[in-house]
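Labels A, B and C are assigned to the chains in the order they are written; within every chain, residues are numbered from 1.
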């Protein structure tokens, strides 16, 4: 749609800005500043992975935190058991998240619109309940502490430790660039063009032989896989993994970022992530307070912007229009 | 029947649905206590014309006067209070409520206490409704539902009744019932503006007729003039 | 057999609570065509208000209930004006986001006020255990059942015998027609949302002497209410009540015989099965309340 075309050059802009940001740690090497930067980078990737579903297939999934949480738990558990290198963690987390997405898609993609959202909410709560109650494995509400550090190879060789925040920073930066390119490919590549056709006219798209369901599911799986990978990176960084990771709270963060920033727009989502991550980290507000503010933002946006979410999207795009 | 000052005047009305412009300069005069019919091809804007009068579709330019008062772009609630009621195309009752309850809803804006009397009046006029007062509206036949809807609109004792295609989808014998009802309503002093596909039948009961095409006036005159017009005969009366 | 009866009684009372919540939601779905993701959060607030007034402030139980209901009424009015009214003519997506945002605001406000520790509001009645032969049952369960049934009767009377109640039914059966007859849909929607909110809050008030309330209970309750509403057929009040009882009983049996920790999963599975296989409900089609 229009939203996507308008940002033809946004990818270069964003990657350029990220590269500029990449010299920041060399200038200010304060742990707190680095933490804010790393959190923001994490949310950029996480929100982009979410928007692959919301922006591209127009479905509002409420289960996205499940994949993130699964990735985090898998990594924490592998770390406790054998201590695999980070790339192996990522691969396993991604595969398992896609597996979970496949299971979820079986009922969810037989539904549309609001029913889809409801089903994904039910599935997300189910997964969270399992993690909370499977105490033998997950330690339930007691959380898994001291998740082992990532290392680039087995047994702590080339370790990216928590004391070395700069390494984490560059790791997330690289991952974000990969996700941005993926997002771009999905929105403008073959898959993206197909999905655009589907969004514009589902009947027409199916009449020219596009298997809509297959494309939608594929998008959902990719999105879930990325979220799992991010969870896998986040767990060793934050060092503790709790059932909260799978809660609606995370999904709501994303919903706020995506809808306020502008669903379907690379610049909008990245901008939304920065806007909604930096200030709560700087002000060190409690998660509850942060969510209340997000809720109010969302409410104000949805109820007072004339054309609702769509209007916001085009407004934001107009405002951020570069070409 | 005819007087020099029309009760309702639409003057060069342009209206439509946002980007979709439908009426393009339509003018219609309706005289007190008359039956005026409107017909024309599908999509000509007949329903839009009624909705425009009732304030559901906004007027872009032009004025609508009722009794000399400007009622352009007033909201439906105010139009209703001015004495104009509307029976739209398609089902317009509450299917899981009884006939009696439906009539009460028709008289929603009437103050408590007088509504019972109005409903009794309606039952006197439409014995079939009295007989079926405890039945669910959705269980009535199509013709009975159409009559119920007219009755619901008449509860407020409107000066003008706007009716859109009341016979759509009805069996031929029921069509006559509906037309008879309209004649009775008019005899009681209500001015009627009716949109109808069945030009032959509606011309028989009307005093005046307007033919619309592509959102514009195509022809108008007394029902007699129109029914004798060769073009109308060719296109609408199948003669 | 005794144990079965015991579970059954628990299921019926839980079902009565679900029915109250579901009835509120089905009114809203029927009249305002709005699926409210924050509906269960009013249940949660009802529970917390009871804990706050009755346990923390030691206000008598009945007075606590009355105060809670008044607060729910005010919240309902605010919710209609701030959230429902501005989104009533928008798409499901805006309504989803708006009510979800409300849900997150309410549950996190509860966290700010009351923390995350689950709370209970035991009353003299809830602590009085009756023994009927081998079955033991808290006497408060009768209160729950009684209040629920009284509420159903009151609501039914209201929608059948008052002008505004009839207008609620009218609006749920044919919203467009209301415009034609000058029925003030705005006002009808305000009344409906307020009643709906109060019913959800009332359910929270009457069940908190028996079960813990926590900030996250809201979304779980929303899902259960929605399951009942979909099972019953959107906007079908009787269907929603029956479905809520079925859900309560199935859950209680599942919890008793299979696993109490995964009790909620049972209802989510039912919800997904219903959505996929019976999207128009179990009882055939019927329009409006």
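Keep this in mind: a residue touches a chain if its C-beta (ideal position, glycine included) is under 8 Å from a C-beta of that chain, and two chains touch if they have at least 3 such contacts.
Since the structure is predicted, the reported quantities are computational estimates derived from the model, not experimental observations.
Of all chains displayed, C has the C-alpha centre closest to the centre of the whole protein C-alpha set. Relative to chain A, the most remote chain by averaged C-alpha coordinates is B. Averaged C-alpha coordinates put the centre of chain B at 43 Å from the centre of chain C. If each chain is reduced to the centroid of its CA atoms, chain A and chain B end up 56 Å from each other.
Averaged C-alpha coordinates give centres for chain A and chain C that are 33 Å from one another. Here chain C touches chain A in the complex through residues 35, 82-83, 86-87, 90-94, 96-98, 100-105, 108-109, 111-112, 216, 219-220, 223, 226, 261-262, 264-265, 268-269, 271-273, 275-276, 279, going by the rule given at the top. On chain A, the positions that touch chain C within their shared complex are 60, 62, 107, 110-111, 113-115, 117-119, 121-123, 125-126, 129-130, 133, 247-249, 252, 255-256, 259, 286-289, 291-292, 294-296, 298-299, 302-304, 308-309.
Taken in their complex, chain B has these residues touching chain C: 54, 56, 76-77, 80-81, 85-88, 91-97, 101, 104-109, 112, 152-153, 156. Residues of chain C that touch chain B in their complex: 163, 166-167, 169-170, 173-174, 176-177, 179-184, 286-288.
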